[in-house]
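Beneath this line is the structure, given in structure tokens, with notes to follow.
In this document, chain identifiers A, B, C and D correspond to the written order of the chains, with residue numbering beginning at 1 in each.
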């Protein structure tokens, strides 16, 4: 039995137990999707349904995105009590949950984090590219996070891990949720080294013209569907600045300036929140390279304020605090 | 009408020449251009594509008739400028799929109905649609289940079949017939063999499509308004606009004004029933307060209200919403439940 | 108003928008905190210290009040440069407003530069109520910088 | 929308604000008297009570507002507008003489033909009284008054200060042609009239449902209690007519946001019979 199958089985029994002991009202996890190489988020409310749960390298969604809405009082009737929720969490999902707890979007005591060991998630776009855009009919993620796909006609192809994993998964230092109520794992995954920021540094090293041109090129693809925002667990504002009307920050058209300010504003707003889970990149139907931009925010927060999002519940968010000797070399002097 | 004219055929090698003539006749020609794994409907300056063996365009051609953003009128300092909207250029869309042409035919029912939509009509009147029969449907395709077919002609002016060495051009509207006549020196009459080959290809393609049963879906949905059918899909729906923006028939729009200092304009832009602001009253009241009502609206609009209002399902089975949904919310699951 | 008159009006508006380098003067917006920098600017005025007139001052209660969207919004509307100025660190009327703001500004400054926007466009400074002369100097420096990079051509919305 | 198939239905006609009247004590409801700049536009704007128009402030947007004037009042249009959103706030800041845009008339009117030979009961609440004012004015015109039987109106507001069209209310209360009941939820020291919610007053007045038609417009909570009261009085569902509100943009059934079930409030409404509403989902 593969580790993924064993994890899935352990997950089912853990979930069953939680329901039977009356500890939870709802469990958010993954079930098999309708398309090959896909899973889909599932919402389980009783022990009878737990057999739907799966865990494998196709569990690409960051389930933490569902929490703010579940716990928001808005639209709930009088006397409403927040539900007890168990949530299946990869390393990145777990870090997003910490951010939400910290920012009071999810009460810690109502969330049971079920940590699963993640070896990286498969990027379907990369799979398709490797298959020269032939649609696979089925496939599975193997133990070492390589992928076996079958094409129409039965031909089987094995794709290497580095070829198919999301960029954000490739050298992920957090295979497990840093804060966890229940580890669901056949074995403890090895600790990984911290990730460096050479990708961001490489971009910084380009000329301003090149950086701007790349920004223009990527943002021009945007169709303003807001999937990046909706998929992001930490984008939980009740009304996004992009949609405010009083004041109206930006228009709703497709002018580059509007779209740019949307992305500049949204990504900036993620400073100290972004855990580099890649949810925005995964959700984007136009394959915009958002990560080169979101990573900048992660890097600067780390380098300027020594803060990494989603590690500890206690540490205050970096933009709610300060040090008297914070860097101010950017200040204009006469 | 269309039956009166026999299909024409053209050697694929002569297609660049035909394209040149079309462009020389004052049309802007758009055709399939491959970009990585994606095929987009792109303006063609000279060398036209010879390959119609793609699945479908990444985005539907609805942008050509209902652009994501278009100017309704312009103003300056509180006064409207009257001559702000220019006439449309003549366009030819080459290689769109019959499902997408059918979607245009469906949108016609909304936008050409009285009072006709000025901007839509202008674009529709100046655009020739040459569809390419869909000979290799994708796994997410289900056009035959919603009233279409891989060689359907609704909305098209000409239907093209890729016969290998030659293309068969079958007029599907008087406008298409007229168009073919204008370039008749480039084409010849199709042989009987070619016509039967076309029919065989169409049948083969149709047989490859999985049928899903949608009998009585409109009535079923009308009865299911208050049912728990909507709980599961709306729970996982993230509330982004991908399904509506990629949908070739979703046509809901917003009208907003914007200004930069003195100058301003009124824009019509795509909108989505997935967004909470879509129905939010100025008073703060929202008749569709949660994602449940919003998801329900999308399904009801396509599979129930449209049947009541226009006699047709407003889904053409292109599968874009299924392919692009970030949480794999599969429309087929909901409509067959 | 007839259509022609309106069209004429639009032309004039266009002229004002046009970015002919010869007679172009940078448009600067300065967000000044009420307690220090605004008073500093005021002092510059009262002391008859010459400083350029192409600046529009927006008084804010504290540099901490400056939402980064204010800055993006100004650029979107075609402002050529933005200056945000508050009390010196440690002198904030609200104790720590400018300390918290400083973190935001540091990130924003880097962020805009990262996507290729000229660093001269958006600048931050500390000016106390007593530093009238210093305010004029900083403003001069900001304007010179903006003049060097020319009229805004990124992020500004064109209609 | 009128006639001419080639007209662009999205382009508003310019109209000048001739007069602005503050209607209520909170000063957030104002009546704007508009006159088209172009005589052709004025003639083209043929409407009946219950219809609405999109008022357009260039640079701010459009807002759908019920027409408060009656077609029997010639040469001008009245719109009573509450200050709520971007457009209405800007409109409220207008001075007389400003030119704005008017696009319409839109929607279906109250069924004036169906009122022929009937007793007409008009029930209004709060600021939603605008198109009912249009209806009363219309029905009180001599040529129309003789075509209907009794005309009864019950109108209520939160407080005396919030009653709109105060002068006309006085005029109607003294008129033989209309039986007028004005009520407030809670009166003040100077209030000598009725107190009580509209549905309660409706119960007291108990207009006969015999050969009668009821027109209702008011806030959702008033509607909720008024419908059962009318049904209790014996009004058949098809003789209860109500005007609804929805967020709208195009006003001509294209933009897809104002639907209740398969009907669009902008083009199939805003006037619906209670019978119609019963067959629609309660999504409004």
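The definition used in the following text is that a contact is a pair of C-beta atoms (placed from the backbone, for glycine too) under 8 Å apart; a residue touches a chain by one contact, two chains touch by 3 or more.
Everything quoted here is computed from the prediction, not taken from an experiment.
Enquirer: Counting one step per pair of touching chains, how few steps separate subunit A from subunit C?
Expert: When the steps are counted carefully, the minimum from subunit A to subunit C is 1.
Enquirer: Comparing chain centres built from Cα atoms against the global Cα centre, which chain wins on proximity?
Expert: B
Enquirer: Across the interfaces A-D and A-B, which one involves more C-beta pairs in contact?
Expert: A-B
Enquirer: What is the distance in Å between the mean C-alpha positions of subunit A and subunit D?
Expert: Result: the chain centres lie 50 Å from each other.
Enquirer: With chain centres defined as C-alpha means, what is the inter-centre distance between subunit C and subunit D in Å?
Expert: 48
Enquirer: Averaging over Cα atoms per chain, report the distance between subunit A and subunit B in Å.
Expert: Computed value for the inter-centroid distance: 33 Å.
Enquirer: Centroid of subunit B to centroid of subunit D, CA atoms only: how many Å?
Expert: Going by mean C-alpha positions, subunit B sits 40 Å from subunit D.
Enquirer: Could you say which residues in subunit A touch two or more other chains, in rising order?
Expert: 251, 255
Enquirer: Would you please write down the residue numbers of subunit B that are in contact with two or more other chains?
Expert: 75, 79-80, 254, 256, 258-259, 264, 271
Enquirer: Send over the residues of subunit D in touch with two or more other chains.
Expert: 85, 99
Enquirer: Hey, which chains are touching each other here?
Expert: Chain-chain contacts present: A-B, A-C, A-D, B-C, B-D.
Enquirer: How about subunit B: which of its residues touch subunit C in the complex?
Expert: 74-77, 79-83, 258-265
Enquirer: Give every residue of subunit A touching subunit C within the complex, in rising order.
Expert: 203-204, 208-215, 241, 249-251, 255, 257-258, 260-261, 264-265, 267-268, 271, 293, 296-297, 300-301, 304-305, 318-322, 324, 326-328, 330-334
Enquirer: Sort out for me which residues of subunit C touch subunit B in the complex.
Expert: Contacts found on subunit C: 1, 3, 6-7, 9-10, 13-14, 16-17, 77-78, 157-159.
Enquirer: Looking at the complex, which residues from subunit D come into contact with subunit A?
Expert: 85-86
Enquirer: Across the complex, what residues on subunit C touch subunit A?
Expert: 68-69, 72-73, 76, 83, 89-90, 96, 99-100, 102-118, 123-126, 134, 137-138, 140-142, 154-158
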